[in-house]
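Got some structures for you, see below.
You will see two complexes here that share chain A, one where it goes with chain B and one where it goes with chain C.
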Partner chain A sequence: MKPDPNTPRNRSLLRLAAAMAPILLLLILLPTFVETYQIQLVTYGLIAAIAALGFNLLLGYTGLLSFGHSAYFGIGAYTVAFVVQHLGPHSMEFYILIGIPVVAIVSALFGYICVRHTRIFFGILTLAISQVVYSLVLKLYWVTGGSDGLRVPRPALLLGLLNFSGPRAFQQFITSYYYYVLAIFVVCVVLMWVVVHSPFGKALQAIRDNEVRARFLGLSIRRFRWISFLVSGTFTGLAGILWVPLNGLTTPDVLYWTFSGEIVFSALLGGFRNFTGPIVGGIVFTYLKTYAVATTEYWQLLLGVVLVTLVLVLPTGIVGGLSMLGLRLSKGRS
Partner chain B sequence: MEKTTPSVNRRAFLNTLGVTVGGTGLIGAGLVGGSQLLKAAQDPAKGRVPDTPFKTGHMTFLTGAGAVLGEPSIKGHTMAAEEINAQGGLLGKRKIETITADEAAGTDACVKEVRRMKLDAKIDMFTGVISSGTSPAVGPVAEELGLLTILTDGCTDFLFDKAIPNPKYVFRITNIQSSDGITAAIGVAQTWPHVRKIAHIHPDYAYGRNAYEHFTLALERLVPGTEIVSESWPKLFTTDFTAHITKIMSAQPDLLVASVWGGDYVAFYKQALRYGLFDKMKVASTIAFGVAPHAIGKDHPEGVLAGVHSNYYFTYPGGDRWPLNKSFVQRYFKRWNEYPNFQSEGAYMALYLLKSAIERANKLTGGWPEDEAIISQLEGIGIDAPSGYLYMRPDHQAYKDAVTGFSKNLPGYEFASWDPARIITIPIRNITAPLGWPKPGTTHNESTAAANWIKTTWPKVVG
Partner chain C sequence: MAFLTIQILNSLLYASVLFLIAAGLSLIFGVMRIINLAHGSLYAVGAYVTAWLVGRGIALGLPSGWLFLLLPFGALSVALIGIVIEPLLLRPFYRRAEEYQLLVTFGLIQILEDSIRLIWGGTPLSADALMDALPIIHVGGLLYPAYNLVVIGIGVVAALALWVAIYHTKFGVMLRATSQDRRMASALGLNVGLVYVMAFGIGCFMAGLGGAIVVPTQAAVLGMGIDALVIAFVVVVIGGLGSLKGALVGALVVSFVRTAGIQFFPELELAVLYLIAALVLLVRPTGLFGTA
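Then we have the complex of A and B:
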């Protein structure tokens, strides 16, 4: 049977493509008109967006608030660091190849334990497990470097085709790595779009909205939640894998619960009821924190104020708020 | 066949190390090949010098428990900048402008901050850093960006041993970390050679690990036959030490060795007082008095070996013997209404070191010197500092005499300070691995070059 271009799913995919095209074009052209520093920040932002996108499969689509996503991000980052230390080849593809199965297995394992509960119990379990990982990494000083963390030098990209050395190596690396991350980011967005619009994604939403009804429909709720957890953790883990060569070093900071809080913050900031919300949230949060730290020593206060304002004034986040504004404007016109 | 360790008598060994008690010594900080000390350059700059500001980025703890070390750091930096700017700036033309970054934002944020300062704010030089967790993270970043850097602390051996073994842009003005543990061990061997049961409390990160290791290594040679009866590793910036204190006390040690610093130490000693810990054992610290002097209360017990990171305490060199220190302390007090600590002095000297290097380079070539020219002048420079003679080794690690002292309540100060009669000084070259000593991962796999140096060259004392 020929696929019908007018099915809602294909229509929505087209809509995504149409919406993404100009933004993607802008992102591709970005390095031609901004400086290395901004390219680097956007790269951090895209990585944060991938992490938040993964996180939101659980919160926005499955209705489970995880307070332990730092664990998957951190395990991704530390896996790369261990590979660098013990296995040798400085190739980004190699890191990803080893890293993804590791984070997937860990997510599956932790998810299996966590999805036995929901609501606050789920949140506390995820938090507890991530804190166990954090404590281990912090205390196993001789393996993980403790609070000093582990260094990760610049890898070669595209199977060693792109190597970086010489006086302007850093600048060259940042620009190439930006495109590298951008490509993976696009793949992640499309993949996640397909997941949430698939029957599986619909089932997750049904579970989120009414667990009892979903069970009467014959859905195996725990298994669906488990797979959702697995996908979510793997996406966030991939973000960790991509993050560590950019940062040059990984420390237990990225495993601490406050980092989980930052992922939650990003999703809230962009709007977790929206597909694009966490993407916008991840990028905006990266800029917000960087410039808050840079401009004031009271940056923690500033972030706190933003969070409180957000919850009180814009409960649907930036994207939710914007689309509401758009709706109101178009209503006012008609 | 294993080489037998040579043995000597303790007093003789301490003498060969050049240990002086009573604060009378003022020893050249390992100056090689004659003095390279500079007089303040009065000559006008040669050639055309731009009058654009010289931008520095200073990173330190502006918030949190580290701020008791961070504030003095920024104050020392600011005072030096103000003094230099009052004379027209660097080479009389370029005023120093400073932007700051909060080290408390975490290691990863610090990495981002250094990149922001260089790439976005376009700084000409980077200074500061307190924590030994931060310096190995930001050092390679500075090298990667080609950013001229004088770290004022973040003293870990790891920085130049492993993180950047061949630094080009990064210099460090503080004494190297291993000398801190060794200085404390020498203080113990000199004062309490009869201690046997030893307890340790150190923050659980690079600095604490290093202090523990080098203290132990040195003490094993200076006071053989000691045993470690308790170890506590509180997380950095812990505020509740009660569990650690009760653990230490139940082990009944003769001596407690501590390297908790900043607000952590203040919290620790106040809580330890409530348990009477200081009455039950001797206490030796590498960095107890490293905080801003007024952060220590009058309630601080006397007779504690209260280290200052083996760098500087404002009462030494005291009196009129070293006018540079006297006037520094007076100006600092006038400017900030408090006394300086080693961070103030380090941050202050970092800018003067830069000033000297720029002036020397200018004399040679005229105009504003390139970074390369400044770097070649910084390598091997000697300069008079409030703490004494300061010498920058060609491998970018500074040398100044290690100093430590015993706490005492003097009527002149609102806080516990050092007993002027019991200040211990040690020529730094006698307790640091010499220039060019093999780094870890080359001919040995010790944690630091210093550890390997001690193990291979130090004798064991008898009696």
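Then we have the complex of A and C:
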């Protein structure tokens, strides 16, 4: 059957593609006119965007606020580090191939426990479980390196096609890795878009908006939440997998619950009621944090003030605020 | 035998401090239905203020007995911060989704933690003059600082005082009425806003008091608040959010498990605590004594 371009779903897909095309083009051309440091920063931003995108499937579409998503990010990162230590091949594809099933299994397991609750108890339960992981990683130092963490050297990309050595290895790696992450980022965005616009995604939103009614419709609420948790954790875990070769080191900090707070912050900054919100939020947060750290020793204070102001003044986030502004402007014109 | 006594005393010491923190967190949740993530940081502020005051006191040449009078001031300063924070930052959020309440208090953590660093710097602040002011006593052949017994005593007195205040005073009735039905309480002419400020102030006072009495036994360090918050979570999850009895039982369970853990399974000590919390949440989501 030929897809009908006039269904609302396809129309909004077209709109998404139209909005993304110029941004994508800009991102593709970016390395030609900025320096390595900026490329590296954007790569961090894209990774944070993937993490926030995954997180938002739970918060924005399922209505569950997880305060423990650091666990999946960190488990992704540590899985790569363990693979490097014990299995050998320095291939990014190999890391992803091993890493994704691991984070998916862990998310499925933790999610199965956590979705028994909602609201505040869901938040505390996710936090408690992520803290179990954190304290284990911190204390079992002979396996995990404790607070020193584990080093991850630069991997080869594309099945060993791209190796990095020699004097300009760092620059070459950053540029290639940027495109690598960008490609995965695009795949993730499209995948997530398909998920939230599928019947499954609609069911999640129905559960979020009215649990009782959704149950009357015969939806198996807990299972939907569980699968949503699984997908969400896996996306965030993938972000962790991509993050660790770029950072070169993984420490228990990425498992600590304040890191979960940063993921929540990112989603809120962009706006968790929009599909694009967490993507914008992840990238903006990366810049905001980098800028704050570079400007002042008391960057946390700065971020805290931004967060509190944001929640007070702009609860719909950047994207929500912009779309409201756009709506008002177009209304004023007509 | 003496060794066991010391371990029990240590557990009770830790339980006193934990109870003060967790009871405040629980009281605030019980009355206002918000989880104050910055509660641990307020506890840290109490510790820092007290250590700073004691330092000033020593510099001014106060006799060591007088230094004990400074402890309540550490707690009071935190209560003051709470009285400012509640109407200013939290009140706009009671009608909004709880995600926002969590986020605003998360922002508050970052602000408080860095403010501590800004004011007192990164070096630990100690107030062990108070500990040295009291003698070391013999417990069956082993030495034990008498100050620790003072802490346990303060914990017991605080628990009793809170119990009397909540269940045997007019203010307690107002507090419980607001907690059960905010709108009905308001319709009956209660000044709900005032009850909220008072409840939040008392909760913060308890956290500050916890910090004040703990700082002579261990120096105030950066990050102590965040660690305390997570443990306090474990306490209230085990005992039940919003329950005074729950905070007491939770604090005792956590402190005994932790003291035993440090002795027998130091690598897994924290993980075991979180696992207990997760298990309690699964079996009894409202905790052992919770009603929420």
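The working rule: the second predicted complex is superposed on the first by the 333 of 334 C-alpha atoms of A that agree within 3 Å, B and C clash if a C-alpha of one lies under 4 Å from a C-alpha of the other, contacts with A are read in each partner's own complex, and residues count from 1 in each chain.
Please note the rule applied: a residue touches a chain if its C-beta (ideal position, glycine included) is under 8 Å from a C-beta of that chain, and two chains touch if they have at least 3 such contacts.
These numbers were taken from a predicted model, which means no experiment stands behind them.
Peer 1: Tell me which of chain B and chain C touches more residues of chain A.
Peer 2: When the residues of chain A touched by each partner are counted, C comes out ahead.
Peer 1: For A:H117, select first, second, both or neither according to whether it touches chain B, chain C, the two together, or no partner.
Peer 2: A:H117 contacts chain C only, not chain B.
Peer 1: For A:Q40, select first, second, both or neither according to whether it touches chain B, chain C, the two together, or no partner.
Peer 2: first
Peer 1: Would you check which partner chain A:L136 touches, where first means chain B only, second means chain C only, and both and neither mean what they say?
Peer 2: After superposition on chain A, A:L136 lies in contact with chain C alone.
Peer 1: Contacts for A:L65 in the overlay, against chain B (first) and chain C (second): which applies, first, second, both or neither?
Peer 2: So A:L65 only meets chain C here.
Peer 1: Which holds for A:G261: it touches chain B only (first), chain C only (second), both, or neither?
Peer 2: second
Peer 1: Based on the A-chain superposition described above, do chain B and chain C contact any of the same residues on chain A, and if so which?
Peer 2: Correct list for chain A: 138-139, 297-300.
Peer 1: Going by the contact rule set out above, which residues of chain B touch chain A in the complex?
Peer 2: Listed in rising order, the residues of chain B that touch chain A are 62-63, 100-102, 105-109, 111-113, 115-116, 119-120, 132-133, 136-137, 140-141, 144-146, 158, 163, 204-206, 209, 235-236.
Peer 1: Quick check: in the complex, which residue numbers of chain C touch chain A?
Peer 2: Interface residues on the chain C side: 35, 89, 92-93, 96, 98-100, 102-104, 106-111, 113-115, 117-118, 226, 230, 233-234, 237, 266-271, 274-275, 277-278, 281-282, 285.
Peer 1: Of all residues in chain A, which touch chain C in the complex?
Peer 2: 59, 65, 67, 113, 116-117, 119-121, 123-125, 127-129, 131-132, 135-136, 138-140, 257-258, 261, 264-265, 268, 297-301, 303-308, 311-312, 315
Peer 1: Within the complex, which stretch of chain A touches chain B?
Peer 2: Its residues touching chain B are 35-38, 40, 44, 138-139, 141, 146-149, 151, 167, 169-170, 247-251, 253-254, 289-290, 293-294, 297-300.
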